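Note that chain A is present in both complexes that follow, paired respectively with chain B and with chain C.
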Partner chain A sequence: MAYETVKVDTPLVLRILPVASVVAFFGIWQGVVDFGIVPNTMLASPTQVAVLFWEKLFVADPDGAVLSVHAWVSIQEAFTGFFLSLLVGIPLGLMMGWFNVAEGLARPIFELIRPIPPVAWIPLTIFWFGIGIPGKVFIIWLSGIVPCVINSYVGVRMTSPTLIQMARTYGATDWEIFKKICIPSALPMVFGAMTISQAYCWTTLVGAEYLAADQGLGYLITMGRRLASPPMVVLGMICVGLTGVAIGIVIERLEKKLLAGIRR
Partner chain B sequence: MTTPATTTATSSIANEIQKQVSEKRPFSLSRFLKDRRFLYCVSLTAFFGIWKYIDYTQVLGNGIAAPDAVVAQIWKLANKTIAGKSLWGHIWASTYRIIIGFSIAAVIAVPLGVIMALNRYVNAIVKPVFDLIKPMPPFAWISCAILWFGIDEPSKIFIIVVGTFVPCLLNAYMGIRLIEPQLYDVIRMLGGNRKDEILQVGFPAAFPAIFAGLQISLSCAWTCVLSAELVSARSGLGFIIIQGMQLSRPAMVLAGMVVLAFVAWATTLLITGLEKKLCPWKREAVQM
Partner chain C sequence: METSQEYKIDCQHISKTFVQKGTQRVHVLEDISVNVKNNEFLVILGPGQSGKSTLLRIIAGLETPSEGNVYLDGKEVSGPGADRGLVFQSYMLFPWKTVLGNVELGPKLRGISKNERREVAQHYIDLVGLKGFENHYPHQLSGGMKQRVGIARAYSNNPELMLLDEPFGQLDAQTRYFMEKETARIWETEKRTVLFVTNNIEEAIFLGDRILSLQGKLPGRMHAMYEVHLPRPREHTEMKFLELRQKITDASELTL
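After this line comes the complex of A and B, so read on.
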C-alpha cells in the first residue's frame, strides 16, 4: 500500500476539556444565579430558561405567540430579505465586475450607501413602509446585498487573465467570455457571499424586529425586556443563536453539494 | 546618446507599437460615453436627481427630504445644539463609545485568539464556550445590557465590546491557524525553536489577518453603537436619527445618516492607511 493511515491520538485531556468547559460554563451560570451573586432580576439560570422553553412551546402568553410561530415569522422575514438580496446583488456584482458601463453607473451609488449601517435605515423604513413586514424585509435586504455585490465583483475580477486572453484569441465576444468564463470562475466567491450574507441577514433580523413587531424571535427578546423577565430575554437570544447556526449549516451543506465539481 | 543607428531603428516593430500608444486618440463619442469618470458623473447626477424628484412629487409622502434640505439640516445641526450638544459633540459621543468598547475588545480578544491558536489546551477550554456565544447577534444583547447596566454609558460600551469581540478573536485565531506549514518548516530547518516560530513566523504572517479582523470589527462597532443609541441614548449620532424619527422630520434622520456614513467611511480610511504603514508585506488582493 502506498499510503498508510496514520492515527494521531488526541490525549484524553484534550477530549475531556471541551466537555468540561461547557459543563463548567453552565454550572457557573446556574450557580451565580442560584446563590444570588447576580440578582434574579438580571439574569435567568439555565434551568429557568429550559422550563420557559418547554412552556413556550405550548403557551402563547404573555407575548402573544408560541415559540414555533415566533421562529417561523423570523425565518420567513429573514429568507425573503435574503433571497431578494441574492436576486439583486449577485447579478449586479457580476455585471459590475465585467462591464465598464455597469460599474461606472452602479459603483458611486453603491459606495455612497455602503458605509451606512443597515440599522440606521430603520427610522426611514418606518416613514416609508410603516411597521409591517415590508419594512423589515427592506432592512434585511439592505444588509444582505452588500456582501453579495462585493463578492461577486471580486469573483469576476479574480478570473484568470490567461483564460480571458485565450477566449479572445478564439474570437469570443465580451458577452460569451462573461457567460462562459467569468461567471463559472466567480461561483465559489458567489457562494461565499451566500454564507456571509445569510449571517448578516440573520444578525440584522433582531434589529429589524426591534421596529415595532408583534411576532418573531427579536420581538421575544424585546418583550422579555419590557416585561423585565430575564428568562424570556435569554430564551430569545438562545433561539436566535441556534436558528442562525442551523441555517448556516444548511447553507454550507448546499454549497458543498452545488460546488462539488468546481476547483477552488 | 543618440546615434544614427538608433534613430533609424524606429522602423522596428517595438518602436512602432510605442509610437502608436503615445499618439493621442481622436475624440469619439462612444468612448466618451463609456469613460468611467463620465459614467460616475451620470450616475451621481441621476441618483440625486431621482432623490430630489421623489421628494418633489411626494411619492413617499413626508417620508423623505430633498438632498438640499438634508445639507441645510446638517448645516443647522452644526451650528445649534440638540440636547445640550452640538453636532461635533454628538459625533464625539459616538466615537468615544467606539474607542473605549473597541479597545477593550481588541485588547482581550486578539491575545486570546492568538493563544487559542498556539495552545491546544487553552483552545479546548475556550473554544466551546466561544462557539456558544458566537452566533448571538449584538443586537440581541441590548436587552441583556439594559437589564444589567441600565441605560447609561456602560450598557452601550458592553454592546460594542460584545459585537467587536467575535470578529477580532476569530480573525486572530484563523490568522495563526492558516499560516502555511512550509513557513514553519523553513524556520525549523534554520534551527529556530518554538519562540522563533512564534515571533519570526507566527506574528508577521498572521498580522494581516489580525488587522483585517480589527477592520471588520470596527465596522461592526458602528452598527453596534448605532443600535445601542437607537434603543436608548441622550447623545450620539443614533440619538440624532431617532430624534428625527420621533419629531417625524426626515431631513434630520437623513442628516444623521449622512454624517454617520461620512464618519464611518473616514474611520475605515484611517485604519486602511494605518494597515499600509504597519504591514507593508500584506499581499495585494483584488479589492473593492
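After this line comes the complex of A and C, so read on.
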C-alpha cells in the first residue's frame, strides 16, 4: 500500500497540561486543608489519605477489614451483577430488536421498571435477601441490565435494511438473518453496552453498600461517616474511583481486541 | 392472466404507488409491460426518479406491484428468492466477512457442503478477477473490487436471473468503463438472463441486447425499446455505436 506512518508530535504545552492540572488539583487541595481554609473535621488532606491508605493495607480496625478485602468484596459483587446483566440483557435486547413477539411481550414491562432507580429496590431487597452479597448483586444487576437491553435493541434495529433484503434474495430465513446479519451488525453497540453497563454497575454498587453491607468500599465510606473520619471517607471514594478506572481500562482493551475483526 | 413460457421474465402492466407517512401517495410506475428472453441482456435506462430501481425491486420480489403481475418462468413472483441474484449500487458486502466469506454466503445459506461451496466461490472469484484477494476484508478493497465481489456473490448462488441496480454508479469514470468491459466479458463467459439498471446511455448501448428506456419524472412510463444490433465486444467509438447514442439522446430527455 502507498501509505506510510508518520509520527506527529504533540506540542510540549499540550503534553504538560494534563500533568499540571493534576498537580495543581492535589496542591490546592493540600493547601486548603493545611492552612485551615477548610477545617480538618470537614475534609482530609491528600497526605492524610495516603497515610491511612498505607495503614489500611494491613490493619483491619476500626471498620473490620483491610482494604484489599473491601475492594475484593466490591469487585465480586459488581462483576457478578455485571455478568448476570449481560447474560440476560443482551439476548433479551437482541431478540426484542428482531422478533416482534419478543418486543411486544418484554417492552412494556421493561419500560415500567426502567425509570425506577435501582437504589429504590434496596428496602425490598433487604426483605428478600438480607444484607449479604446476593441482595447487592440483584440491585447491581437491575442497573446493569438497562443499557444492555437498550443498546442491543438499538443495535439490531440499526442493521442496514438493504443488507437484510440482500440476505432475503439469497433465501435466508428470519432466524438466519437474525444470527448472521443482525447480531454481527449490533456487536459494536453491544460492546458499547458493556462499557456503559459496567460503569452503571460500579456506581450502583456504592449506593447498595452504603445502605446494606458489612464489607466493601461503599461500606468503608459509610463507616468513615459513622466514625467521623474524613480521611476514611475520602479513601473510600478514591478507591472506588481508581478501581472503576482500572476496570474501565480492562474492558476497553478487551473490546478493542474482540472488535478487531469488525473494522468498518 | 396468460403468460408464455418462452420468456424468462414477463412483466404485465406493472404499476406501483407508494404511500408515504400514511397519507402521501407517490405514483412511481405506470403500466410497464416488458419481457426478457432466456440469456438476454436487457438494460433498463432512465434518468433519476424514473422508477427504474423500483421496477427491478419488484422483479426481485422486494416490492409488490400495486397493479399487474410479474412472471418468472411462467410462475408469478411473490417474494424474493435464490433464483434471482441481486447486485446493489452500494455494494452491500458484509464488512465482517472476507471476500471468500461474502461470495460463499448464498451457497452456505442453501446448505451446500463446505468443500463444494468453496469450489464454487473460488470459481467466481477467479472469474471476476479477484484471485489472491480471497482473505481480504471489504474495507481493504477499492470500489471497483468491492463491486466485483458483489457480482461474484450474486453469481455464486447460481441464479437464473441477475438483477443489477446501477452497479457502477459509485465508481469513477475510468473504473466504470473497465467494469463495463468486465461485465460484458463475464456475461459472455457464463451466460445468464440479466436485467441491468442504469442512467448512462453509453453503458446501456455497450452492454444491452435491448434497451428499455423509461421516461423521466414520476411516474415512470415506457418510453421506447431499442434493439442493439452491434457485434460484441463493442467499441464506444464505432460509427453505429455513436449513431445509436445520438438516436437515444435525441429521443429522451437524458443528457450525457
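We adopt the following convention: the second predicted complex is superposed on the first by the 247 of 264 C-alpha atoms of A that agree within 3 Å, B and C clash if a C-alpha of one lies under 4 Å from a C-alpha of the other, contacts with A are read in each partner's own complex, and residues count from 1 in each chain.
Definition applied: a residue touches a chain if its C-beta (ideal position, glycine included) is under 8 Å from a C-beta of that chain, and two chains touch if they have at least 3 such contacts.
Source: prediction; values computed, not measured.
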What is the contact status of A:I181 with respect to chain B (first) and chain C (second): first, second, both, or neither? second
Check the residue A:V59 against both partner chains and state whether it touches chain B (first), chain C (second), both, or neither. neither
May I ask you to decide whether A:V250 touches chain B, chain C, both, or neither, giving the answer as first, second, both or neither? neither
Who does A:I28 touch here: chain B (first), chain C (second), both, or neither? neither
Going by the contact rule set out at the top, does A:S160 touch chain B (first), chain C (second), both, or neither? second
With both complexes overlaid on chain A, does A:T169 touch chain B (first), chain C (second), both or neither? second
State whether A:I131 touches chain B only (first), chain C only (second), both chains, or neither. neither
Chain A contact check, chain B vs chain C, more residues touched by chain B
Output the chain A positions appearing in both contact lists, the one against chain B and the one against chain C. none
Along chain A, where are the residues that touch chain B in the complex? 13-14, 17-22, 25, 41-43, 100-101, 103-109, 112, 115-124, 126-128, 150, 153-154, 157-158, 202-207, 210, 218, 221-222, 224-225, 228, 230, 233-234, 236-237, 240-242, 244-245, 248
Using the touch definition from the top, list the residues of chain B that touch chain A in their complex. 34-36, 38-40, 42-44, 46-47, 60-64, 120-121, 124-129, 132, 134-144, 146-148, 219, 222-223, 226-227, 230-231, 238, 241-242, 244-245, 248, 250, 253-254, 256-257, 260-262, 264-265, 268, 285-288
Touch list for chain A against partner chain C, complex: 160, 162-163, 165-172, 176, 181, 184, 261-264
Residue ranges of chain C touching chain A (in the complex, touch as defined): 60-62, 79-82, 84-86, 88, 90, 92, 94-96, 105-106, 109-110, 137, 139, 157
